[in-house]
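In the two complexes that follow, chain A is the common piece, with chain B as its partner first and chain C second.
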Partner chain A sequence: MADTVATLPGALTRAAPPPEPPAAGPHGRHSPLQHRADELARAGRPGRSGVELREVPFLTQFNLRRRQRSGHNAAATLGFTPPLALPRTPGTVRRSGDRMAVWLGPDEWLIVTPPGTAAETGNTLRAVAEASAGPDGEADTVYTAYTEVSAHSTTLRISGARARDVLRKVCPIDLHPRAFGGDACAQTLLARGARVLLVADREPDGFLLFVRASFADYVTDWLLDSMAEYAAGDSPFKNEER
Partner chain B sequence: MNSHRLRTGGRIDRAHPLTFTFDGTVHTGYQGDTLASALLANGVRTFTTSLTHGRPRGIYAAGVDEPNALVGLHPDPHAPDAAARPAEPMTQATVTELYDGLRATSLRGKGRLEAGRPGDHGRHDAMHAHCDVLVVGAGPAGLTAARTAASTGARVVLLDEQPEMGGSLLGTREHIADRPALEWVRHALAELAGRAETTLLTRTTAVGCYDHNYVVAAERRLPAAGGGGRLWQIRARRIVFATGAHERPLLFADNDRPGVMLAGAARTYANRYGTLPGRRAVVAANNDSAYAAALELADAGLEIARIVDARDHVPPYWAARCADRHIDVSAGHVVVGSRGGDGTVTAALLAAREGDGTASSAADCDLLLVSGGWNPAVQLHTQSGGRTRYDERLCCHVPHEPDPRRRVAGAARGLARLGDCLADGAAAGADAASDLGLSAGQTPQPPGAWEPAPLPPLWPLPACPAAGDPAAQYVDMQRDATLADIERAVGGGMRSVEHVKRYTTIGTAHDQGRTSGVTAAAATAGVLGVPVAELGTTTNRPPYTPVPFALLAGRARGRLHDPVRTTPLHAWHLARGAVFENVGQWKRPRYYPRPGEDMATAVDRECRAAREGVAAMDVSTLGKIDIQGPDAAEFLNRVYTGGFAKLRVGSCRYGVMCTADGMVFDDGVTMRLAEDRFQMSTTTGNAAAVLDWLEEWLQTEWPQLRVFCTSVTEQWAGVAVVGPRARAVLARLAPQLPLENGDFPFMAWRDAEVAGLPARVARISFSGELAFEVYVSGWDGAALWEAVLETGAVEGITPYGTETMHVLRAEKGYVIVGQDTDGSVTPQDLGMDWAVSTRKDFIGRRSHRRPDTSRPDRKHLVGLLPWDTGELLPEGSHLVCAGSGEPEARTPVPSLGHVTSSYRSAALGRTFALALVRGGRDRIGGTVHVALGDRTVAAQVTEPVFYDREGSRRDG
Partner chain C sequence: MQLIPCPWCGDRDEVEFHYGGQAHLVHPADPDALSDEEWAGYLFLRDNPAGWFAERWSHAAGCRRWFNVLRHTVTHEVYGAYLPGEPVPVIAS
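What follows is the complex of A and B.
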């Protein structure tokens, strides 16, 4: 089960994994790709020209909406320790410790925190909602909504020198470091229309893919299919893009 | 063997011989050959016969412009990897790279798919690429363009259709800076290969250029490696088209004999493949390039019998060189015909250009090389909206006012001299990069103004119309279309080059007019007596070269074809042998057959369990939308036809939403979680459409409403526990949760711990039975499901699927949006006035007041009970009146409506159906007929509720 130990964007596999929260219920909880962990581990190829794919299960995720009545951007700083500022720049993420805020839209963010931290994150979001609410009806009143979506999507981490090539087969986004830097994110369609959120991982050549749980198997099938030529180590195509 | 192969030279690997079969004969060639070059080396001259005239034809060109040499490729059935090798029904021998064991048969214009081997078995996939500068074509201009662009640090993609880069330089003996040009090519490629941001793609043809510099390119994999290919989808900020030019043919009688060949093609066969396509050649030309070809061929050992130049004056440079080699030149002369023997050319018939067209002499030859000038390959340029103008001196269409985002360089814009092409490419590459703010410091200069020597007037027609039979002057050899066909088209009144193209079919074959297009336009203009520039040219459309459908499909086949959505319980459903039904992109269990059960038996068993005991269903697929904000209740009040403002926290309500035209769009149950928070459920297939619909109204019509919507469909897994014993099962699962009707009434929801899991329980029933829907985190879905089934085992809890759900809900007359409705049905048509508020406004309300939506003869939802209780009416069957007259008198029979749902009911012990029937509520008690092929079935019209009309069962 080492492959399903919950790890986090940023801290990810290098840091010691946070303690596993207690299994809920007699039969245990299941992440959407838990049954494919071994398959994912076998499919990759470590090393310089390799690529690896893993599920990062059970991340705590909240969808956060904030809008000022006047329509102005209502980005704020969330009172975690250390604090986590919401990114204002479209298509970027802000990280703080093992937490991450992902820009989804002018008034929408995804807050990602370690597994088992839903209560803490919920409390922090409630605090920021109450702090900025102000008297109802004023122009500068900020309306906030937050919703837990931890189980709504799961996360795949794809890494290695070939990670970009694997993604380029299924995703039209330009993932070159010049265009998609270390703090980049994008919502896009993968393969034949699965909606995903793509986030640059802290390590170079690494990407986090947030995919809705119901699409996880389909997206995984595509990624494994795209990985096959690199995992085998001998590409049938002579033309290799750098 | 290899009777026409030179002893040395060429880019073939003589140490690597290959054996292949053509039309049943075994030949040898070398690594680096094309099928065409290997056949020419083996002395094969007549390749096939033409499509309709049955004339012998030989290899005419050396690349994608080849009109004649079509082959089908077949895997060797005895080869160990035969299954992996694709059959190729039709391709050009001139672009087919030779491999050991290749088996080809010549085609007469048409390919044939092998019935036993349908499909393309190679692996095809796709790759997206992004770059600053895309350079299409790696000839002299493309290479310099890529070099200068790459030197600025730009991300460059350079692609070329050939197996190696170099373009025209591969087939000539040109020099660059006093060194052989191919040395320069090698140096340039090494430099590009060392650039970290440059991608080099060979065997890759840009087949289409679309809006926003989106270029689609097809990469081929060698057939010997199993075939297949990769579809590159390239988004380029700037493009340089260095696509080169194709040589033009000449028109004269019998210009299609084997042995007639483009001069540049013969030059390529000699230089690149070490093959001489003949022994003694006559060269017919109207431009300088044919001299370079003739001289290189002469140096390679081909006897040049004569050069026939339509121009009155031979440029002194070329005249001197011909004199050095004792090559006769006939200036001011043209070829007006050819003689043939045994199918192939034996002599060229010559005449003075200004004469009466009568041949004045004949020159013996077995090779008649023609060069009518060069057509820039402007296909990609014009596909992407670029314009062209007709250049009178070059006699061709050249790019005009190119868009700076898409430059054209080198021969593709009409340049002919190597030095000019090199300079032009360098300038284009640098300009493209500098547009993007990238610079390498020095800006290459484009070539100076160049005045080409004009081609002789009236090209391509000979001066005298009597010069040879127009019916033997082939404009398009693939289509066997001649000058006579053009004359006939014009004689028939056609004035547009597009009409002439379609009438004669010129330019519609596999090469899409690469050799014939400009010639046809010029010939049409000549027959019409108008300038070519005035006539214009035909439109180029993608793809530039044929693309296999298998390549466009790529990996999106089988299970990768379309997204498949599954619930957290999917593994259980699979293990239990569920038969699945596609609902939108979801896989939902339709029923769970036990060994030996068919669908009817399984559904009957599952229905009985739900009506008599307890049954459970995976309802995780229902769309769920979290709706928050101070105006959430007002928003729902406007969206749903029913009222939601007064819904109490802890309760839920069924709602119907309509589109603005008043037609039912979706339905579902919405829970009020807090004063300012609701959770809406939608139908499974409509979840995304409903969220889009809500966002559309919030963003475009009601931005002042303080409401946020978030999809939480997969956040929750849901299990419906249904049946008279449901309460007993739930009592053991959730001992802390009061379940009696007083504490937990119908249409209430409660948060509770169920099976030790944090859960939300709602008393919602889609079956009419006592039912609880239990929702937990998606992670806990499987645990909940297993706990429900374990706990309910005592009561014999039975998992059921969508088919049973459909029967149960239909027995109660509950509609399924999209099955019992079709976008033309109002809530009133469904008899659901009770769900439509009369005291508030909502989307679609005004439309309900239109005369059309209150017509008494609208189609109403009613029940049908077939007279024969075993008769299952097919869904979609049309209903007609009970007739009295003769059958003939009743045609055409007006349809009263159709059956929307039809099932066998365990509870009723008979079949029943729901139907939309014109004026249906007024027909209740009457009879309608269902036409089923050659018989007619009678059914009684009833209320659309068949079971428990009092609704007493939902409280258990």
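What follows is the complex of A and C.
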């Protein structure tokens, strides 16, 4: 009996110490895909027929709801420098400097600004909300609400000549440049279940993928698998349609 | 796979949507005045036509908005989508 008791805890004491937490990134935080940065860097292949995948962590994101009492008619221009107009057309993005406003719904937008600018963006949105608040009961009262949602999702940037082909394998929406141009965005399901926001990036053939932090690993697995044939070298399957 | 036309996002796969049942149900103005049978009818009884049916859908994985769709329950043909508050489209036959 004494031997058994001595053996079992002995095994436990030899167990490896708990792994060190990864070093915090800038802004004192850990990004959801920080531990896979090397893997992402190795998986890509630059060049004419390549594709690259990177995490763009810590983007500042605000959800903005804004509507008139009489309907969905209360868009505005946000007082950044330079000013940033809210897109009115469904599925489009407006950019200004390094900020962008993404259409999420007829009265809902995602305001994306560089990392560490939450205070400035919050102040700008507060000014918009205060400027538009009318006395209650008026027919044209504009309701404005803004919420910081930076920690809700992280961002993947997929770029390169094969980026569209990679996304086509996991995403059901039409990504042809005619249907999904340089100012397009879409909320959809990726890889059979992950809700994502897909935004055309500034550079041609580039996409930003806003994915929930808890789904980031899953989506990354799918994308890496989808990228494998293009990362390995020239594919025997030529896509003449391009 | 059926395509559902979201009034905001356009045609999307059915899996992105949540079904909301029969559209244009009106809450009784004075529920206290209803008999139990009438109240149960409002709560539980729905039309079940073999034909055109106005139903509610929500684009749950997209813009998250509710809207109405006029759909044929036999052929699954979709006549069109319209916003809540708008009348049922008249089908030109």
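We take it that the second predicted complex is superposed on the first by the 205 of 242 C-alpha atoms of A that agree within 3 Å, B and C clash if a C-alpha of one lies under 4 Å from a C-alpha of the other, contacts with A are read in each partner's own complex, and residues count from 1 in each chain.
Criterion: a contact is a pair of C-beta atoms (placed from the backbone, for glycine too) under 8 Å apart; a residue touches a chain by one contact, two chains touch by 3 or more.
All of these numbers come straight from a predicted model, not from anything done at the bench.
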First, second, both or neither for A:Phe80, with chain B first and chain C second: neither
Touching partner for A:Gly91 - first (chain B), second (chain C), both, neither: second
Partner chain in contact with A:Tyr230 - chain B first, chain C second, else both or neither: neither
Which of chain B and chain C A:His152 touches, first, second, both or neither: first
Contacts of A:Pro172 with chain B and chain C, given as first, second, both or neither: both
Chain B versus chain C as contact partner of A:Thr188, first or second or both or neither: second
Touching partner for A:Leu104 - first (chain B), second (chain C), both, neither: second
Chain B versus chain C as contact partner of A:Asp221, first or second or both or neither: first
Partner touching more residues of chain A, whether chain B or chain C: B
Touching both chain B and chain C, residues of chain A: 172-173
Touch list for chain B against partner chain A, complex: 123, 125-130, 155, 157, 196-204, 219, 221, 225-226, 228, 230, 233, 235, 555-556, 559-568, 570-571, 586, 621, 626, 628-630, 706, 708, 710-717, 755-758, 777-784, 786-787
Touching residues (chain side chain C, partner chain A) in the complex: 8-10, 12-13, 15-16, 61-65
Chain A residues touching chain C - in the complex, by the definition given at the top: 90-91, 104-106, 108, 172-173, 186-189, 195
Interface residues, chain A side, partner chain B - complex: 24-32, 35, 58, 63, 65, 67, 69, 136, 143, 145, 147-153, 165, 168-169, 171-174, 176, 178-179, 191-194, 212-215, 217-218, 221-222, 225-226, 236-239, 241-242
